[in-house]
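Listed below are the structures to be examined.
Here come two complexes built around chain A, the first alongside chain B, the second alongside chain C.
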Partner chain A sequence: MNGPHDLGGMQGLGAIPIEENEPVFHSAWEAKVFAMSFATFSTFFPVDETRHAAERIPAGEYLSASYYERWLAALELLLTEHGWLTPAEIEDRITHLRQTES
Partner chain B sequence: MSATHQLETMTIETSNQCMTAAAAKALLQQGLSCQVNSDLPPQFQVGDLVRARVVHPATYTRLPRYVRGKVGTVMQDHGVYVFPDTVGQLLATKPQHVYSVRFPAQALWGPAAPASDALYLDLFDDHLEGP
Partner chain C sequence: MTTHHHRPESEIALRVKAIESLLVEKGIVDPAALDTIIEHYEHQVGPHVGAQIVAKAWVDPDFKRRLLADGTGAIAELGLTGFSSEHMIVVANTATVHNLIVCTLCSCYPWAILGLPPTWYKSLAYRSRAVIEPRSVLAEFGLVLPDTVEVCVWDSNADLRYLVLPERPDGAEGLSEEALAALVTRNAMIGTAKVEPPTSPTPIAA
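Right, the complex of A and B next:
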């Protein structure tokens, strides 16, 4: 698809920030998103399907999201599209965690 | 290659089995090869001029927009691989040859690009046609 991921030739996006000593994960949730997504690679979703799911994030959101925010959005999209989870279940879990962790 | 022909028409089904920690570690360390053992003939030869197809699928594709309609040269045949454009839709593995195709930078970006620069893209049979 002609989505926001296909950046070749685009201008006006600014410089690419280069971090010195960039960590693999910038916070613990990123590692969890990586682990959850990785556990679905090839067993539940071909990696190409996962990539395409990320590309289907609305363009404005895609361009302003961080790398692992895109991974999370792609995972939630596929889990709900394939009927493994409902959006309501995800929201309920977020609410539950927010209450128990605060 | 009857096995290959079966794959070509099969809708992709995943195991939907939870990955074990050992399997995850192996996948992380070794990766997953998408190469297919096949005697499928290539559509193009090293040295051929090829044109990237002008297509705008709404579905998954590994063919970047900026190269569509451009002419390049086949520099290397990597062998036969499953086709991500159809795998991404769970349609078929559709194995085919993948080539390293050289596009002069000026063919893509115009005369402002350095004349000596070139871009090498890995493209599949289905992405390409004759010049």
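Right, the complex of A and C next:
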């Protein structure tokens, strides 16, 4: 698939973001996205399907999202495509959490 | 962190929390299993695993031969095979060849041997530039190689992962295998650094 993920040789993407003593995860949500993806893709989704999901992220979004934002987008795509969750369920839960947390 | 986000962190965190709560409620994921996965990748696996393989190759020429001929088999001998590192090729740096590993398509990396990759390895800049201007990428890491040294860049994929066997530094002659392993850094095993000679009793592993 010829998409924005096929980055080899592309120019203009800037300096390498080198971070000293980098933690494994930069936030609790990154760790959770990794763990939920790991748990579901080792059980339900073969690795090629997860890669394909990441490669279907729209180009603009792919290039502007952080690494674990891309994982989140792929996870959400697979969970909804397979019918484990619906997009409406996710949006409703976000609204509910926002109300209870504010 | 250094990566630009186009959505606020709090919005992303809320979305993740919503998905997690739904998956847990439906019994699709077990919260204890999520904690176990996070703990494993934060604390159990990491570059110290790869460093053992490198140190073994430095002290045991027969192992080194097997490691370079059949990385997968030699790593299995040490019982260090694991998820996302099932098929391995090990490439050796020499006085005339320097190896560098990238995954241009995503972030393929030998998780069981080096842990999860650093942000720079997953960055668009590294993925795009490592294959077209590896010497300037290496210079950003402070590694300037003479033109007489050939740079070989290896592009990983979902099924096959690479490990660089760095050169054993001078001044490490009398060290035990364990002490040698402590000199080996993550970046040296990806190819963005060399292993430095011992300078202090407790070298810091990056």
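Definition applied: the second predicted complex is superposed on the first by the 102 of 102 C-alpha atoms of A that agree within 3 Å, B and C clash if a C-alpha of one lies under 4 Å from a C-alpha of the other, contacts with A are read in each partner's own complex, and residues count from 1 in each chain.
The rule is simple: a contact is a pair of C-beta atoms (placed from the backbone, for glycine too) under 8 Å apart; a residue touches a chain by one contact, two chains touch by 3 or more.
Owing to the predicted nature of the structure, the values given are computational and were not obtained by experimental measurement.
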item	value
First (chain B), second (chain C), both or neither touched by A:18	second
First (chain B), second (chain C), both or neither touched by A:39	both
Which of chain B and chain C A:2 touches, first, second, both or neither	first
First, second, both or neither for A:63, with chain B first and chain C second	second
Superposition-derived comparison: chain B or chain C, residues of chain A touched	C
Touched partner set for A:99, first chain B, second chain C, both or neither	neither
A:49 touches, of chain B and chain C: first, second, both or neither?	first
Touched partner set for A:27, first chain B, second chain C, both or neither	second
Overlap of chain C and chain B interfaces on chain A (superposed complexes)	6, 8-9, 38-40, 42, 47-48, 51
Complex contact set, residues of chain B against chain A	12, 14-19, 24, 27-28, 32, 56-61, 64-67, 84-85, 87-90, 108-109
Partner chain A, residues of chain C touching it in the complex	1-7, 9, 12-23, 26, 28-30, 33-35, 37-38, 41-42, 83, 102, 104-107, 115-116, 118-120, 122-129, 131-132, 137, 140-141, 155, 158, 206
Residues of chain A that touch chain B when the two form their complex	1-2, 6, 8-9, 38-49, 51-52, 55
Of all residues in chain A, those that touch chain C in their complex	5-11, 13-22, 24-29, 31-36, 38-40, 42, 47-48, 51, 54, 61, 63-67, 69, 72, 75-76, 79, 84-85, 89-90, 93-94, 96-98, 101
